[in-house]
């Protein structure tokens, strides 16, 4: 499960029904690329988190009808990123 | 979920039955690589979108018989790409 | 769905039962890496195609018992590769 | 299945219910990137292991409700990493 | 499906029940990275093979309870690697 840092949220007025009323976070991955993830744990900008991908990402939202492929799995209490 | 920019559409007369009558968008990903995605939200060239991959991509089309592995999940209202 | 170019076919006398009597194409992906894919649309060397991966690849063959993870989804009518 | 080295564990007080009471290991992959994995075999820091990803990762925990996408599949008895 | 070369086997005394009594091959992928795969076709060191990943990898072993995410799909009769 990848380790990424939360940057903020993203607004998408036009989206698929499977993602209505779902918070969309922007995370930056280890290679500096930004991605979008759903977030059932309430991470805040600056938090280091690990993310769950694939079919597990949908179950991680507590409802497999939420059509995500990347979900925040947990907030890491203390993390020293590689410099 | 990856963030990509819509470039246009692609015409494929010969395609699998699981993708008949489906709009095929060309998107450019963060590393500049172009990919094909199905698009249930009606994105236009220049739009920044996030895409859903894996089995969720099929459900995102509203019909799991549509055999895609990448679907536009939503149009990002405002996006500043990394320069 | 990745965009790749068809190079030819590959002969594999020893293969898993789930791929018996199936044409195996060699494709070159955007980074120049060659991969093997199953091909239900009859692509020819030189054709630019898009490929379907994951569980959708099996359904794209019309029979989920065909154990592929990459299937040609369609032949692109006109494609200008990035130079 | 990727070959990675165990570095240690990570503490995540806030995590999804699907990962409660589960040991979370930090592994370093072949490109030096650190990832989080669940570990049913009890690997220790310094061990070289192979990891199972995708839906198999959940079954590898003996309970598909454990929402991981990366699980330690086994400890390699002797491994010489590429220098 | 990726094309890789067989290097040998790996010994893992401690492994998950889902991989007991299964031959574990070490393969080298196109970028020189070594990975572990299960092998139902009996490939030998030096053979060039293609591998099946994802859920298809489990079915390719003839028993979906074998918890692999990478399985040798076939031995390529003749292969000229890119120099």
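Order of writing sets the labels: A, B, C, D and E. Residues in every chain begin at 1.
Simple rule for what comes next: contacts are C-beta pairs under 8 Å (C-beta built on N, C-alpha and C of every residue); 3 or more make two chains touch, one makes a residue touch a chain.
Worth saying up front: this structure is predicted, and the values here are computed from it rather than measured.
Novice: Determine the shortest chain-contact distance, in steps, between chain A and chain D.
Specialist: Counted as steps through touching chains, the separation is 1.
Novice: Suppose a student superposes the Cα atoms of chain B on chain D; what rotation angle should they report, nearest 5 degrees?
Specialist: A turn of 145 degrees brings the C-alpha atoms of chain B onto chain D.
Novice: Using mean CA coordinates as chain centres, what's the chain A-chain C distance in Å?
Specialist: 32
Novice: Distance-wise, how many Å sit between the C-alpha centres of chain D and chain E, to the nearest whole number?
Specialist: Each chain reduced to its C-alpha mean, chain D and chain E end up 20 Å apart.
Novice: Can you tell me which residues of chain D touch two or more of the remaining chains?
Specialist: Residues 53-55, 57 of chain D touch two or more partner chains.
Novice: Edges wherever two chains touch, nodes for the chains themselves; is that graph a line, a ring, a star, complete, or other here?
Specialist: Looks like a ring, each chain touching just two neighbours.
Novice: Can you give me the ring order of the chains, beginning with chain D and going next to chain E?
Specialist: Order around the closed ring, chain D first, chain E second: D, E, C, B, A.
Novice: Please name which positions on chain A make contact with chain D in the complex.
Specialist: 1-3, 30-31, 40-43, 50, 52-57, 59-60, 62, 71-79, 82
Novice: Quick check: in the complex, which residue numbers of chain C touch chain E?
Specialist: Residues of chain C touching chain E: 10-19, 24, 32-37, 53-55, 57-58, 65, 67-70.
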